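Read from first to last, the chains carry the letters A, B, C, D, E and F; within each, the first residue is number 1.
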Amino acid sequence: MEILMEFGSRFVSQLQSPTLAFLLGGILIAALGSRLTIPDAIYKFIVFMLLLKVGLKGGMAIGEADIGAMLLPAFFAVVVGCLTVIIGRYTLALLPGIRTEDGIATAGLFGAVSGSTLAAGTVVLESEGISYEPWAVALYPFMDIPALVLAIVLASVYLKKKDGTGDKVAIWPIVKESLQGPALSALLLGIALGLFTNPDRVFDTFYEPLFRGLLSVLMLIMGIEAYARLNELRRVAHWFAVYAAVAPLMNGLIAFGLGYIAHVLTGFSPGGVVLLAIIAGSSSDISGPPTLRAGIPTANPSSYIGSSTSIGTPVAIAIGIPLYIGLAQLVFGA
Amino acid sequence: MEILMEFGSRFVSQLQSPTLAFLLGGILIAALGSRLTIPDAIYKFIVFMLLLKVGLKGGMAIGEADIGAMLLPAFFAVVVGCLTVIIGRYTLALLPGIRTEDGIATAGLFGAVSGSTLAAGTVVLESEGISYEPWAVALYPFMDIPALVLAIVLASVYLKKKDGTGDKVAIWPIVKESLQGPALSALLLGIALGLFTNPDRVFDTFYEPLFRGLLSVLMLIMGIEAYARLNELRRVAHWFAVYAAVAPLMNGLIAFGLGYIAHVLTGFSPGGVVLLAIIAGSSSDISGPPTLRAGIPTANPSSYIGSSTSIGTPVAIAIGIPLYIGLAQLVFGA
Amino acid sequence: MEILMEFGSRFVSQLQSPTLAFLLGGILIAALGSRLTIPDAIYKFIVFMLLLKVGLKGGMAIGEADIGAMLLPAFFAVVVGCLTVIIGRYTLALLPGIRTEDGIATAGLFGAVSGSTLAAGTVVLESEGISYEPWAVALYPFMDIPALVLAIVLASVYLKKKDGTGDKVAIWPIVKESLQGPALSALLLGIALGLFTNPDRVFDTFYEPLFRGLLSVLMLIMGIEAYARLNELRRVAHWFAVYAAVAPLMNGLIAFGLGYIAHVLTGFSPGGVVLLAIIAGSSSDISGPPTLRAGIPTANPSSYIGSSTSIGTPVAIAIGIPLYIGLAQLVFGA
Amino acid sequence: MTQMATKLVIITEKVLLPKVTKIIQAAGATGYTVMDAGGVGSRNTPSPGRPIVSDTYSNIKIEVITASEDVARTIAKQVADKYFDNFSGIIHIGRVEVLYAHSL
Amino acid sequence: MTQMATKLVIITEKVLLPKVTKIIQAAGATGYTVMDAGGVGSRNTPSPGRPIVSDTYSNIKIEVITASEDVARTIAKQVADKYFDNFSGIIHIGRVEVLYAHSL
Amino acid sequence: MTQMATKLVIITEKVLLPKVTKIIQAAGATGYTVMDAGGVGSRNTPSPGRPIVSDTYSNIKIEVITASEDVARTIAKQVADKYFDNFSGIIHIGRVEVLYAHSL
């Protein structure tokens, strides 16, 4: 009971945190019809800056880390990526009025990872003084790529069964395309630069101090975007909205469970468990949609883009992040 | 006499202040034919950052403020917005070679408010160590919207009288359009975020430290722009140039006078009086022109855009701001 | 021997410096097929910020400087600009498979100056704690403009001799166009603002702290660009690649030699000598190519743009900068 | 489904975009395509609310493919009557053969 | 060298650009021109991977001038057959007179 | 005032824009419209002074509507003669019916 109340008060205080406040602010002004927009060039640059910074920080710390400890969490990241897609695919297939291709693509997007949500997660963890393994950010691709690949494979299998139109899926091109996308490229470049060079000074004077501010602008953009994409959602079956509200938390909790096992087995830190859950709870907003558009062309983009952007991401950030932190305090003790 | 000399020396020192220096630098390099441009995406983002910051700061302080004290200044802001439009409209109507619609639109633009000039004003006040009520920035819409609405109404009345073409003006759409414009949206969003959430950390690490620098870039853009728009001014009657040089100071002084009354009646601070004058002396550069273009389509945009951008804004910043500060020192004592 | 080893270790440490690391990182991710791009608006704004900052810093210090000391280095800058073009023109003419116009244009571009390399040079010098005359950055136009003008004149002379098509070259338009280009405009504006106004505060809070970080992003862009332009280089004679690898170092060493003479004669500082060499070793990436495209239209842009961007600039930064610093330590003592 | 159709082209000020597209849709066209454009004509109204020194264009070019020429002419007439007294713009039409379209 | 030619216009989603240009080049066209475009049609697929509130367009307009009308029709057919079941788009052709070109 | 007219289209490198518009105005055209464009042709000159990895196009497409076909052909000839030996570009013309214009 006390725990619930503490969770409630934490939740209200999160609503006032800049990360969430800017997200809600964006939704609000969009709903009020504001013509405020952030230029596309700024949006792209912010995403680049945030992921490069997250990568740099990870890379600078990985050098001193025990890489062996990364194996189990990385394996669990792959498992979560696949498991959440499979669960999503069959859950959505059961719901009425949903075309199977649309369901598979949506499950794929919710299984994949959002760089913006990851960035937001690291800020909240740091604000709360919760430490995590610096290499934990590198779990992103281990979850993201399997989820997208699996979704495309599942769609192809389904289409082949249905009417023989599904082509055999070449997996490597999808992996390559994911790694070459702007979000993962920036993250991996940051990790490499952090690992092999000495970016401390430029990190301390530029990437680190601008991080929170740029994130606040990105959250604003994502809020505006969430509202604007509601139109997409209105065109598709209501069950997508329900799935979009539930899946982020379900996926996050699955990852929390596996992270807990890694904690017990190999000492994966509580902060790392929370970050794994945050990553799992996020749904891809940058690289996932185009990959799915190309990989499952028969799926209606309105279904997965609408679900993820309008509901999935706000839920993942506004409810998911405080939820996993609260849970961690419950499970691992204050 | 001594006062005049002090004003003169203050003025010369203002010329060297970054705010003004970048404005003049922009005019200079444009006059020298430089092809230097700041991309539109950067311009839009800077305007957003400045107004959000001004709003955040205001909002964070309004919480502790006595809102009752805001009533009279807000009322005076509305009065100034209307009065300056009416004076401008009838002054311009008396001048030779000026079409009445063009005169009304120009008076409307000079009655409205420039977010950039407001931002510049707050920087100069802070540099001079002059404090003002933090909510004073929120006077912006109270002056801006009535001025634009009134100008459009006056034009419609005039056109109906002249040839029966003026439609009945629906006021609410104009108000809504103003509030939804990018400048006012950013300001109001900032106020709301400052008031209801805890943006201190992101404010201190991002919005505040970048403010002066971004303003310097914006001043450069406005200088380049001022020169480039001179062409517009050359196409229209010379009296527009004369009005554009005088109106900012006249409007600012009217506001100074009303602000002084508020000072006497309700203790409105000297800094607040100066800021009210700066707001009044500014002419809208972002949201005003499109609103007028749509609201008074028969008016020639060359007349009001040329006057405001090429002469009005430089005068408002370069002469107006130091003028009101000097006056305040005269009136309220050092 | 020891010296060679010290140079070697310095070189390896340079490879880990952010400036170089981001350049190499850009080449790497482009080679790996990454779709990461930095928007054009950001690229333009970064170039503006860097050159304005370099100019501001120079201008703020020139005020206190002995301008007489600038004369000989400025003269030598002109000499280097012309000499490197002449040497390049006749070297390239001797090589097989190179059209003379293409050779002249390429020599012109390598004789001209890159603002980005200059910015990178100032960062490295500051990191190494090597001081230089603040006005040394103002040597840029003294070398850049003569090189471009001379290349265009040489091409015109050549074409007239060959088939009578070369027009008489009007020099002033080329000089004007160079000075009005975005890079030189920003530099000169910065110098003027630094010299005549008080930008200290905005410099200290904005331009200076953002400098290194923005430079790191620019280096990334230039790395991506270097790889992407390799295609151009593949279309033209291999000798361009050889010239592009050698010319930056040759040009830098020539400037180093003349700088050394200025050191002996007028006490030009070791840091100033290094900066002169860095400027000379750079090849223009912003204003040079369009000037040459217009001035020597018969030259194939693939030859000079490919050579300069893909090989010249990486060599100038990655090998040139540490080379001149090592040499300075050898020549002027630690 | 190849079919002869009318291609209507409207070049005008960007501020008019929402108003012109409303007319297009009300007239029953099945779609339209918009592009940014810069230009010089005989009016050359300055673009309100944006720096002219920015790198953006202040006109738009709107293309509408219609099966019926009447629809195209109606749209043109309405736009011109309503806005061309006060706004910059030019309108022309031509014939094209539509090879594929999701609706026309 | 003035010469009558076919002008093929394909308006479709930006994601298809690399695939469409591959078809164009395989069909033997000597070149093509691409422009950003926004638009409304009957499908209106949302653009993946980019904020719709950004200031960019999510369609492209591709123009291909071909000496042979057959080449143009082949390109149109291949693009439509392969993509128009699942992607937005419209294709039309017309005649133009090419006055100058480096190859056609 | 509907009137048959010639539509001249010049696609060339962006650096030539000021020079081409000077020719257009000298030839007496009443206006022109410019759009950003990317493209592939047979020359494919790299664009000077801008990163190719940036998201901008390096060509422009210029459209000129002229009442007289001669004016259009003169502009085309001058542009091609003066620049197409050394610069990328293609020029074509067609007929359109101008429905509304502020001057032609």
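We take it that a contact is a pair of C-beta atoms (placed from the backbone, for glycine too) under 8 Å apart; a residue touches a chain by one contact, two chains touch by 3 or more.
From a predicted model like this one, the values you see are computed outputs, not experimental measurements.
The minimum number of touch steps linking chain A to chain F comes to 2. Between chain B and chain F, the least number of touching-chain steps is 2. Interface comparison, E-F versus A-E: the higher number of contacting C-beta pairs is recorded for E-F. Compared with chain F, the chain whose C-alpha mean position is the greatest distance off is A. Set against the Cα centre of chain C, the chain with the most distant centre is D.
Residue numbering at the chain A/chain B interface overlaps only partly, since under half of the positions present are found in both copies. The distance from the centre of chain A to the centre of chain D, each centre being the mean of the chain's C-alpha atoms, comes to 41 Å. Chain B and chain C have centres, each the mean of its CA atoms, that are 43 Å apart.
One finds 20 Å separating the Cα centroids of chain D and chain F. Mean C-alpha position of chain C lies 47 Å from that of chain D. Those residues of chain D in touch with two or more other chains are numbered 35-36, 55, 94.
Residues of chain A in contact with at least two other chains: 37-42, 210. Screening every pair of chains for touch gives A-B, A-C, A-E, B-C, B-D, C-F, D-E, D-F, E-F. Chain contact summary for the complex, chain F toward chain D: residues 5, 7, 21, 25, 30-36, 65, 94-103. By the touch criterion given at the top, residues 15, 45-46, 48-56, 83, 85-87 of chain D touch chain B in their complex. Interface residues of chain F facing chain E in the complex, by the touch rule stated above, are 9, 11, 35-43, 57, 59, 61, 73, 76-77, 79-80, 84, 88-94. Residues of chain B touching chain C in their complex: 15-18, 21-22, 25, 28-29, 32-42, 127, 209-210, 212-214, 216, 220.
Interface residues of chain C facing chain F in the complex, by the touch rule stated above, are 30, 37-40, 43, 221, 224-225, 228-229, 232, 285-290, 292-294, 297-298, 300-302, 305-306.
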